[in-house]
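Okay, so chain A shows up in both of these, paired with chain B first and chain C after.
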Partner chain A sequence: MSAPLLDMTGLCVAVPTPGGWLTVVEDVRLRVAAGKVCGLIGESGCGKTMTALALLGMEGFQGWRRTGGRALFYGRDLFAQDAAAWRSFRGAGAAMIFQEPLSALNPVLTCGRQAAEICIAHGLAGKTGAKARVLELFTQTGLPDPDFAWSAYPFELSGGQRQRVMIAMALAGEPKLLLADEPTTALDVTIQAQILRLLRQTVDARAMGLILITHNLGVAAQLCDEIVVMYAGEVVESADVFSFYAGPAHPYSAGLLASLPSRAPERPAAGFGGIEGTVPAPANMPPGCRFAPRCPRVGEVCRTQRPVLTEIAPGRFVRCFFPLTGEAP
Partner chain B sequence: MNAAMLELAGVRKAYPGKGAPLGSRAPERVALDGVDLTVNRGEIHALVGESGSGKSTLGRLALRLEAPSAGRIVFDGRDITRASEKELSALRPRMQIVFQDPSGALDPRYSAAEALAEPFLAPGRFLPKNEVKNRAVELMRLAGLPESLLAAYPHQLSGGQRQRLCIARALALNPDFLVLDEPVSALDVSVAARILALLADLRSRLNLTYLFITHDLSVVARLCDTVSVMLQGRIVETGPAQCVLAAPSHPYTAGLLAAMPVANPRRREEMPGGSAPGPRWER
Partner chain C sequence: MRNEIRTPLTEGVRGASCPPAGFQGAEPLGPSGPYARALAALARDRVAMAAAVVVAAVCLAALAAPWISPYDPNAVDLVLRNIEPGWSHWCGTDALGRDVLTRILYGLRVSLIAGILPSFAAMVLGALLGVTAGYLEGAAGFCIMRLCDAAMAFPSLLLAMGLMYALGSGLSNICIAIVLTCWTAAARVARAQTLSLKQREFVLAAKAMGLSSRAVAARHILPNCLPALVVLWGVGIPEAILFEAGLSFLGIGAQPPDTSLGLMAAEGKRYLFSAPWISIAPGAAILGLTLAFNFLGDGLQGALDPKRADRP
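Right after this comes the complex of A and B.
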């Protein structure tokens, strides 16, 4: 594996509550290499999106704050930079693709103007050269009629086309790292397949890093090189994609995989999988392992002690006292 | 007893067009065009298709929440195509719907107990207070919710619990036909799996018939007996779920199946998506 583009360790994020600051994301470790896709997997509220927003220095706008961590981007610590450095980092260092392009795009500006703004802001084009550059980006992201998209308002485009505009805008500042937050969740499956293909081509062609935030393990299997699973604000497992799908080590990962309906059910129709119970509330975390109340492999130690993220095989980390070992899910 | 719970024959639904220049008429927008569909008693019939294919319109017509422009709708042997509101209100308890987004379907000002009691407030369905309370407890148990949540408001419930509450409410009047409009699409996978298990269990315990609207073919494989595939307001393929999924006869069904991401990184080469921009099916 090449040297990582991004090496983040120990990220902690806290949100304000009436009772004081409450830590909701704890000790998150994330490594992304150039030309690789890292899948950040987890269910609603596990801290995936906050992790991404923290990487863009967005906490000041959101009311929460980062309380710890270090993120080396080309050897430079992002979390040590000042506001001006963050400004130029966003867009030119890393850029984000949001889930719902209709609400992420400005409805009163044409798609062309919004994209041109980014090229101009990062000094990559003057006012006159911006249009040519945007049309080139629109062509690269596979918009069927770039000239139409240039003068179209977001509502005039289909969902898939809007997402292509979003991707073009994310690429406008020539970033080295893309963060895609559920980029295909709002799309139909056939369009989803096209967008996934486009993301993969983009990452390969530009040797960028991509952090794909998703709850869809099918999508992650298609696109990712590395998988990082989060649960209740913590990373519980991180592994390369092939060993992860061959046999997840954390019982939560195994539960997620077992919840997937398979197209041709090899498993008998009797079992639907799923995980009993609900994610604990941040204010009410169990004292030991956070997954212990729902875990089928729970032991005495799990209820009292917190497991740490341990390397059980080269490049494979798991936060569990009783990890599964390679057996099929 | 009739074998078919619901029959649609040649159903067409068109909405008036918009945005025509003054003095001319905009072409009407056809949502459903010549749909024939039979949902047999006791089966889970999946209705699959992409956004805008007409799945939800068909669901609303099946419950006669809207009237068709042409064609015939028969519910349990009775022609309800032109049934009056009065005739329909007698049938309403037997046909219910569960929506995709439980947060939008529940009144934020109603506790779970109040939401479950509301069906019994209608004239003719009145029950004494203590019986309503008992029924609410029974419904909570049926939907796998702890009784302690009766006093909870929707914002205090998790997404999965909210959807269970919607299901419980839909069952309040002992229906025999449910339209499930993307009931698990808004839920996390581990929660969705539990809800699907609940729906399968309720079907066999209460002899229910479902029209299951979904865009997710993997759900169909897990749960459904029959599947109808919709494209541009038409049904292009109908058959037993396992047969259709194993050997789709319509190219659109095959395209949908091929586009489904498979949770196996070793099979990613099979992923289509083609050269961008790929063809949008309905264009």
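Right after this comes the complex of A and C.
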């Protein structure tokens, strides 16, 4: 495996509540290599987006804060840099693609102007050269009529075109790492496939890293090289895509995969299961393993002690006392 | 090559805002460019266009007063005192025999200057302070908004009187008084807009793309406040006109022999029953001008909102 572009360990994020700071993301480990796609999977509210925003150093803008962790980006410690370094890192080091492009694009500025100002902000184009550069990016992201998109307001474009503009804007600063926060959730299935193909092509062509935040296991299987599963603010499993889908090691991952409807002959059509219970509230986490109340393999130790993320096979990390290791559960 | 399909269906609604399937990226059938679009939307608003025509006509008439009126606004002719409106004096003459319509035309100059310039300056000042206060919050924002509260609590007439006393009367000092009275509304609107815009995802996205705080405030938040501020300006113009007229009516604005609509109304007060046109004509001019500006401001609101710009 090539040297990682991003190596983040122990990320903790806390949000303010009336009762004090509450840790909602704990001990997140994420490793992304150049040209690889890392899928960050989990339910709504498990801290996926927060992790991505923390990677961009956005905590100052939203009231929450990062309480721990270390992120090496090409060997440079991100969380030690000052505000000016963060600003040039955002966009030029890593950039984010948001879930709903209509709300992530400014409604009163033309798409072209919004993309151009990112090029200008990162010193990649002057005021005159920005237009040519943006049109080139619009062409690369597959917009059918770049000139029209340049002068169009976001509401004048279709959903798929808006997401292409969003991707072009994310690429405008020549970042090495893309963070895509459910980039296809707001799109219909055919456009989803186009956008996912575009993301994969972009990653391959530019040798970038991509962190794809999704709760769609099918999308993740199709696009990702690595899978990281989060549950209740923690990483519970991290594995390469083939071994993950061949045999998930954490009972939660297994539950997720089992809850997919399948047409494979070995699984009966009616036989997709769910996971019993609900995600615990952040203020009321169980003292032991956070998945223990819902886990089919729970033991006594799970209720009292917190498991740590351990490497059970090369490159494969699981946070579980009783990981599934190939045998039938 | 771009398709250019003009059908009865797309003609009316300007196709690009809701392109039919397979029609993506077609050239808009209407004008392009943000300002052209806003103007086109304004041109479709009949009330606003009528108001704009009135405003333009008033501006022209005020500018061209020396050429379109045969009379000198200050020529006293005691033989021609209090003449009723008629063919030679359309709005009659006043107690000193001066032509009322001519004086209205010259008075409109004062009204237009006092209406447009200080309310614009107040809008700019208020917008800058309001966006700063909303964006920074904290101590700076607190200080700005308390200053704003203090300015709002202070009676505007008292402020104007104090200012006139300190600086002397004159059009520029009237304008300063209007700016100091009117900036608070713009500041509060700009701050409220900024506070809500700050929570929007596109502001987060702009920051996530590496724009500096100043760039986000100036290029993402301020343009989104503009429609509200322009409407506020539109409302502020008639307010400022009335404020100047009020000051002059009370005798602390324009001083004789200068003309001002408010001053003229005050001069006609004594003859309200014998020669009502001396007060009523300038009063009607104030009414017409403020109404026209109000309707124009309303039309601008619709035209400057890009989400509404393309609706007929």
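FYI, the second predicted complex is superposed on the first by the 319 of 329 C-alpha atoms of A that agree within 3 Å, B and C clash if a C-alpha of one lies under 4 Å from a C-alpha of the other, contacts with A are read in each partner's own complex, and residues count from 1 in each chain.
One rule holds in what follows: a contact is a pair of C-beta atoms (placed from the backbone, for glycine too) under 8 Å apart; a residue touches a chain by one contact, two chains touch by 3 or more.
Values in this document were obtained by computation on a predicted structure and should not be read as measured data.
Enquirer: A:158 in the overlay: touching chain B, chain C, both, or neither? Say first, second, both or neither.
Expert: both
Enquirer: If we overlay the two complexes on their shared chain A, which of chain B and chain C does A:257 touch? Say first, second, both or neither.
Expert: So A:257 only meets chain B here.
Enquirer: Answer with first, second, both or neither: which of chain B and chain C does A:79 touch in the superposed model?
Expert: The answer is neither, since A:79 touches no partner chain.
Enquirer: Applying the touch criterion given at the start, work out whether A:197 contacts chain B, chain C, both or neither, answering first, second, both or neither.
Expert: first
Enquirer: Is A:90 contacted by the first partner chain B, the second partner chain C, both or neither?
Expert: A:90 sits against chain C, while chain B stays out of touch.
Enquirer: Tell me the contact category for A:217 with respect to chain B and chain C: first, second, both or neither.
Expert: A:217 contacts chain B only, not chain C.
Enquirer: Of the two partner chains, chain B (first) and chain C (second), which one does A:275 touch, if any: first, second, both, or neither?
Expert: A:275: touches chain B, not chain C.
Enquirer: Applying the document's definition of touch, where does A:322 land relative to chain B and chain C: first, second, both, or neither?
Expert: Neither partner.
Enquirer: Residue by residue on chain A, keep only those touching chain B in one complex and chain C in the other, then list them.
Expert: On chain A, the residues that contact chain B in one structure and chain C in the other are 143-144, 158.
Enquirer: Which residues of chain C touch chain A in the complex?
Expert: The contact residues of chain C facing chain A are 2, 16-17, 19, 24-28, 32-34, 200-202, 204-212, 215, 219-220, 223-224, 226, 306-307.
Enquirer: Going by the contact rule set out above, which residues of chain A touch chain C in the complex?
Expert: Those residues of chain A that touch chain C are 53, 56, 58, 61-62, 87-92, 95-96, 98, 100, 103-110, 114, 117-118, 121-122, 143-145, 148-149, 151-153, 155-156, 158, 161, 169-170, 172-173.
Enquirer: Could you list, by residue number, the parts of chain B that touch chain A in their complex?
Expert: It comes out as residues 50-51, 158-161, 188-194, 196-197, 200, 215-219, 221-223, 245-246, 255-268, 271-274, 276-278, 280-281.
Enquirer: If we count contacts the way the header does, which residues on chain A are in touch with chain B in the complex?
Expert: 43-44, 141-144, 158-160, 164, 188-198, 201, 215-224, 241-242, 245, 255-265, 269, 272-276, 278-279
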